[in-house]
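Just below sit the structures, each encoded as structure tokens.
You will see subunit A twice below: alongside subunit B first, and alongside subunit C after that.
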Partner chain A sequence: MPHKPPTKEELEERKIVGIKDETITHVSSSDFPGHYPGEDHSWDIESFRRGFSVEFHQNDPFEASFSLIGIDASIANAFRRIMIADIPTLAIETVFINNNTSVIQDEVLSHRLGLIPFKGGHEGLHNFLKWWRKPTDESEINNSYYDNNTVSLRLEIQCEHNEKAAAGETDPTKLYKHAHVYARDIEFCPVGRQDKYFSGADTIAPVNPDILIAKLRPGQEISLSMHMHKGVGSDHSKFSPVATASYRLMPVIKIERPILGRDAEKFMRCFPQGVIKLEKVTKKEAAKKGSGYEGHEGEDKAVVADPMRDTVSRECLRHEEFKGKVKLGRRRDHFIYLVESTGQWESDAIFLESVAHLKKRAQDLEKQVQNMVR
Partner chain B sequence: MSREEYQVPTGSGSPTVGGGSFNAPAARDYAGEGGGAIHYICGDCSARVPLDKATGIRCQKCGARVLYKERTKRMVQFEAR
Partner chain C sequence: MARTKTKKEESVEPGSDVVMDEVPTSHQPESRDDMSVDEDENDEVEVEDNDAEVEDDVQRVRLLPGSTPTAASFEFLNEGHTLGNALRYIIMKNPDVEFCAYAIPHPSEPKMNVRIQTFDSTTAVEALEKGLRDLQELCDVVTDQFVVAREKFMAK
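Then we have the complex of A and B:
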């Protein structure tokens, strides 16, 4: 029997992960050589280029949502993992405590300081600042700090009684001066060429100035200095440039047979708002034999409006009246990313950097393989 | 570096870590005020109480008899992890 090439519908169908009421089917992709007899699915840059597209849904400085369409899960997951663990950021790494008489312990205080996200001039952060490596000889450590690998910060704060407080005041923030220590109290101490890269609007400062670091009472004091270094999320999550970097697959809702009247309204309520909308059955549809709309002119019918907003709760599969009328699924090659930046990078720049990073890694591997076979 | 590995700086008073232009702010000198007297913290009013050999263990301000030692004057180094 000669091979019949697949129709467009069949090709579309192959991309869908089936979601039944209690099972999930067709989980793995099948577009690889040898899976379909007589079809060539070997990877080809031209056919990838034809099938691939990027679509932005939201692009705010600190939150971006976009779709990569026509890409394999392995690559999509690589981008996600690189964004979380391999994009470098600057964070507090060492804390030198001169005095800390607050109730919060030195170790806990240091840990809290490390987790504060900082921002600064992009040119300085991404190009001027280099990696700091701990010298193998411990005694050489003081000669390893330079203006292009270490940023120095200070936190000096003392709590005192506020003489001007009204009698009978109970609010500690009014009763005492500096009862709360916030991230904005951290002071940046530029060294060497850092003045050039981190001044004015580009100064190194916490992204969120209102982060509470500690609480003090009169007589208590915190006096410390800090060193910031560049690092990656795989070393410690404080270096991760993203709060979340995740993806989900595009939901597919297929209404196979008409859902009408009160059923349509109930069907709409099975989904998050905006996923399903109601439309009136037109005269033309009602006139068509075998469409299921005969004699229902003017009634409401359920129509899929925006499947991307669906959470795929499968609620509609629990109800008897929708049995056989609806098919749920997800598109296996449509990844909807959500990237939320902690503030040091623009959220879309994090993704672009992850692409550059994967490319560089691939080129490094290519070089190594070439050396291996030589 | 964990706390156990930490080496006490040899130069008394001035921390050696962060040398060169990265000097941490110098530790304040608590002793040397009031000549020979050691300062304690009152357990009741948290005032700084200078005590020398002759005086009794008592806060001069509120008369409380519970006094605490002050925190070390040495710089302590931690990793922010």
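Then we have the complex of A and C:
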């Protein structure tokens, strides 16, 4: 029997993960050679290029949202995982406490300091700064810090009475000087060539200057110095360049039979705002036999406006009146990413870096495999 | 590199079927046995550094014993689901590959195994190399299209 090539509708249908009221169907991708007899699904860069597209929804430094369309979940997930765990950032790694008479314990204070996200000149952060590696010989540790692998910071703060405070003042921030220690009180101490890369607007500074680190009372003091190193999220999440990097699949809502009048309004309310809109049934539609619109001219009908905003709550499947009229699903190859940067990288740059990182990993391993065979 | 099952590996004739029981899921190097726990931990910290830095001198991929030219298992050090699943997908897209799967034999060992069985038209090593090459090509396309889409969006 000669093989019939799949129709366009069939190809679209294959990409849909079905969502029923209690179950899901067609979860795994089937675009592998040998899956459909007579069809060629082998890897071809040109057909991938043709089928692949990117769509931006938002591009701010702290939040970017975009869609990758026509890519497999395994690749999309690799990008997501790399963004979270493998893109290096600079964070406080060691805290040397000279004096800490505040009520917050040394180790808790150190932990809080470590989690503060910092920003600085991109050239310096990404190219000039290299990895710091702990020497195998502990006694050599003081010879391992260089201007291109360690950034020094200092935090020196004392709390005192404020003589100018009004009598009867109860607000500690007015009653005392430095009652609150904020991230902006951290001072960057450039050494060597760091002046060149991290000065002016490019200086190393907390992304959010208003992060509260500790609270003090008169007579209490915090005096410490810190070392920052480059690290990756797989070692400690403080090194992760993203607050979150996630994706979801594009929702698909298919209204198979007309939903009209008050049902349409109820249907609209089953979804988040903006997903479904109401339109009037036109004369032309009402005249068409078998469309389900006959005799309903001028009535409201439910129309899918923006499926991307749907949360796929399946609420519409719980109601008897919509049974058989609507089909829910998700597009298996349409990934809507949301990348929220912590501030050291631009959100879109984090994604590009993750792609470059995956390429580099594959490149390195290709060499390794050739090496292994040799 | 230490291989504990060298004997069995030799007994496998090329092209013959492999008895699955004889293929170990993972191999600890023998030299590890006489290491203390502390040293082991240190080792891991360093290995993570290696992962991120350019360090080509450490061999991270090896062929597991019991492999034949068309049916082989590879052990990757310091790789996980990130590369494992992506690589599995791209190798499965190769029409000359009969079977491909990856596994992480134990969550606290930084190892990832890839099993590749091919038809006679290619070998497992070739399929692996092609997979890694295809993955690089894919990354280039994604970068290109992403940059174009971003420019278009920012121009708006």
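Rule of thumb we're sticking to: the second predicted complex is superposed on the first by the 374 of 374 C-alpha atoms of A that agree within 3 Å, B and C clash if a C-alpha of one lies under 4 Å from a C-alpha of the other, contacts with A are read in each partner's own complex, and residues count from 1 in each chain.
By our rule, a residue touches a chain if its C-beta (ideal position, glycine included) is under 8 Å from a C-beta of that chain, and two chains touch if they have at least 3 such contacts.
Treat the numbers as computed from the prediction; the structure is a model and nothing was measured.
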Subunit C versus subunit B on the shared subunit A, clash or fit after superposition: fit
Touching partner for A:T282 - first (subunit B), second (subunit C), both, neither: neither
Which of subunit B and subunit C A:A78 touches, first, second, both or neither: second
First, second, both or neither for A:D106, with subunit B first and subunit C second: first
Touched partner set for A:A356, first subunit B, second subunit C, both or neither: second
Residue contacts with subunit A in the superposition, subunit B compared against subunit C: C
Contacts of A:N127 with subunit B and subunit C, given as first, second, both or neither: neither
Subunit B versus subunit C as contact partner of A:K367, first or second or both or neither: second
Contacts of A:E55 with subunit B and subunit C, given as first, second, both or neither: second
Partner chain(s) touched by A:S237 [first = subunit B, second = subunit C, both, neither]: neither
Subunit B versus subunit C - smallest C-alpha distance in the overlay, whole Å: 11
Residues of subunit A touching subunit B in the complex: 91-101, 106-107, 110-111, 113-115, 141-143, 145, 147, 150, 152, 154, 156, 191-192, 218-219, 223-227, 236, 238
Residues of subunit B defined as touching subunit A within the complex: 3, 15-22, 24-25, 27-28, 41, 46-47, 71, 75-81
Residue numbers on subunit A that touch subunit C, as the complex places them: 31-34, 40-43, 45, 48-49, 52-56, 59, 66, 68, 71-72, 74-75, 77-79, 81-82, 85-86, 88, 131, 133-134, 136, 232, 234-235, 348, 351-352, 355-356, 358-359, 361-373
Touching residues on subunit C, where the partner in the complex is subunit A: 42, 45-46, 48-49, 52-53, 56, 59-63, 74, 76, 79, 81-83, 85-90, 92-95, 125, 128-129, 132-143, 145-150, 152-154
